[in-house]
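These are the structures, in structure tokens.
Okay, so chain A shows up in both of these, paired with chain B first and chain C after.
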Partner chain A sequence: MRLLTHNLLACHARACTTTSNNFPLIFKDVQVELIQAEPNPDFIKGFLPKIEWNALVKTARSLGQDVLPEQSPDFSKPLNDEALLNSLHHILLEIHIMEGQMICPNCSHIYQIRSGIPNMLLAEHEINK
Partner chain B sequence: MIPTPSLSHLTKEDYRKVYEPAEDTFALLDALEEDAERITSQKVNRAPDSSGKGKLCVEIGSGSGCVSAFVSQILGSSDAYYICTDINPEANRCTDLTGKENKVTLNAIRTSLLESLTGRLENKVDLLLFNPPYVPTEEEEERMAQAEQSIQGSWAGGNTGTRLVDTIIDQGLVETLLSPGGSFYLVAIKQNDPEAIVARLNQRGLDSKVVLARRAGREHLHIIRSIKPTGEDDHQ
Partner chain C sequence: MSRPEHIAPPEIFYGDVEATKYTANTRVQTIQAEMTERAVELLMLPEHRKPALILDIGCGSGLSGEILTEHGHEWIGMDISPSMLEVALERETEGDIMLADVGQGCGFRAGSFDGAISISVLQWLCNADSTSHSPAQRLSTFFTSLYSSLSRGSRAVFQFYPESDEQVKFIMTFATKAGFGGGLVVDFPNSRKAKKFYLVLWVGGEMAVGPNGETAKQELPQALMHEHEGEAGSSGPTSVKYEKRRSDRSKVKGKGKKKSGESTKDYILRKKELYRKRGKEDVPKDSRYTGRKRKDAF
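What follows is the complex of A and B.
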């Protein structure tokens, strides 16, 4: 699972969907694999407005990646900072979480990641807790 | 002509657990190919220097991953991001493999429909795809099939064959999640009453119609397309 995917996932237990504290999910005991991807700055530029910046910065830091600025780039202007585009490419697309857990900051539910695939299913009693 | 993705890595054993692409899959591929230029030329959100790249494609119930792998040949494997959900872990695994076989990353997520994604995806999905379990079955059979999270769930559709489609539409997910100008493609058969589905999508402010209808054996397949208005002057 890449960090871009992680940036789109939130806890969906019913009590959590009414809070904003169900995102981002917090990584625990993760095994990371780096898989090179061909740089595509136009993809990053186009996709960036869909990214939740603060969550990305926080998550990247939890994995020891400190290069992203606190302040989100200004999306009303063209993004031409090559160093930042390179960092984003690496962080969003090349870091794969292969094994580990994601914990909801609100209800502490643990979502497992196995063979690079997150399991977001909740049992009926977990959805309603 | 866009080639059908390579699925030679999938075995008979895989197809005992995951739906094997069939006429319904190919009808969806044909409809997408027909619309390739429209899908590609759609602008991406508010990026000022929009190159049309950076689109988000989400497939519900991706099964083998054949459809998303096909779309990656239209939108470009690194020019868009592909999210593929399925409740069946074997489908997640096959989707992941099909991506690798076809040189695209298909980001598999094990979930039911769009659960865990809906909060973050409002107005962000440029292309939403769903080839649902459309075969009319007993309600109980449909519920059991989804609960088992296995291959039965890929076709058992409940009373009119539309239980999961109803869930997606009635929760307002299509118009909520699509980006302005984004489109939704849905497979249906005659027994699902495609015209009624189109009418319901139109009532939700989506520009919808049947873009392809085809007989395949006993099935009368329909591909429904909904487009979310951009709010600007639309020219198509």
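What follows is the complex of A and C.
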């Protein structure tokens, strides 16, 4: 699982539907693998407005990556900063979480990650009806 | 037509054996590829949104994801069958995959995706595979959470195999309740084999077409037809002139109980079912002898 996906995932258990504290899921005991990916600047540019910048920076820092600036860039202007695009590409598309856990900050549900696949299944009592 | 969704729940039906068989089958591959191509076409992604981020609902072993990758899109896939995902891992698909039950809702932030596709999945959601499952509630949770995770003006395209018109209506009700607009596109409606159903749903009545906020009204795309059947299907007469009169007459006869076109056996079965539903006791069991004609007395 890449950080791109992590930046979109929120806890969807029943207890977390009425809170905004269900995001971002916190990584614990993770094993990271770097896999090179084709640069895709057009995709990154299109995806920029959807990024939760603070969450992304916080998560990247927790994994020991501090190439991203604390302050989010201005998304209303077209992004032409080559260096920033490169670091975003690296953070979003090349860092793969292979093993570990994601923990919801609100309900502390633990989502296991095995061989790069997060298990997002909920128990019966957690399903949002 | 076989209906695997009647045999077992998806995560059990697509076990290790079936998942490998499914993915290795070249016929399945071609059909899946064709349907995915068509689904991507129906998504009608505007030029400025390409490459887009697509959600693949029920991604399985990533057959449909491969097509998305070919089109240059990034995708995230979810599936309930671990075996299918394992095959996807082996095939080293480009997108991220996760183990999730769409009937529990998709846990994504609002406005995450530029579009969603789903190939041969929706019919699975209409089954109750455990006592705690209610198809109505699962469909409703699914559509509501999907609606919020799509960005405004985007589309979701579901290729599926509906069992009946009622099932289509059933699914449509929940999609509409969740706020989706859209409808059903039936490709090759007059062919038994090539006929394919696509449920095309959209978020908001306008879709973005240009980078500076230009919009166009969402419209249901044209269905595909075989060349020779273009006219017969659309403009040709669908009934013979006096057909109605005959059916009118037949309605008057009898006590008006037996539905037209219903055989005696169907009538008996329907009535017995009704009595059972009402909780009447001692309704005889259905067997192969039910409603059967007695031997002619000599």
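In the analysis below, the second predicted complex is superposed on the first by the 126 of 129 C-alpha atoms of A that agree within 3 Å, B and C clash if a C-alpha of one lies under 4 Å from a C-alpha of the other, contacts with A are read in each partner's own complex, and residues count from 1 in each chain.
Just so it is clear, contacts are C-beta pairs under 8 Å (C-beta built on N, C-alpha and C of every residue); 3 or more make two chains touch, one makes a residue touch a chain.
Only a predicted model underlies this, so the values are computations on that prediction, with no experimental measurement involved.
When the shared chain is aligned, no partner comes close enough to touch A:I103: not chain B, not chain C.
When the two structures are aligned on the shared chain, A:F75 is found in touch with chain B, with no touch to chain C.
Contacts of A:F47 after superposition on the shared chain: both chain B and chain C are touched.
After overlaying the two complexes on the shared chain, residue contacts for A:I117 are found with chain B and with chain C alike. Contacts of A:V67 after superposition: neither chain B nor chain C is touched. Of the two partner chains, chain C is the only one touched by A:N128; chain B is not.
With both complexes superposed, B is the one of chain B and chain C in contact with more chain A residues. Residue overlap on chain A between the chain B contacts of one complex and the chain C contacts of the other covers 1-2, 4-5, 8-12, 23, 40, 42-43, 46-47, 50, 52, 93, 115-122.
Interface residues of chain A, counted against chain B in their complex, comprise 1-2, 4-5, 7-12, 17, 22-23, 37-38, 40, 42-50, 52, 75-79, 93, 115-122.
The touching residues of chain C, when paired with chain A in their complex, are 48-53, 72, 74, 76, 78, 80, 85, 89, 96-101, 104-109, 111-112, 114, 132, 137, 141, 145, 149, 151. Interface residues of chain B, counted against chain A in their complex, comprise 44-56, 78-81, 83, 87, 89, 92-93, 96, 105, 107-112, 115-121, 124, 149. Chain contact summary for the complex, chain A toward chain C: residues 1-2, 4-5, 8-12, 23, 40, 42-43, 46-47, 50, 52, 93, 115-122, 124, 127-129.
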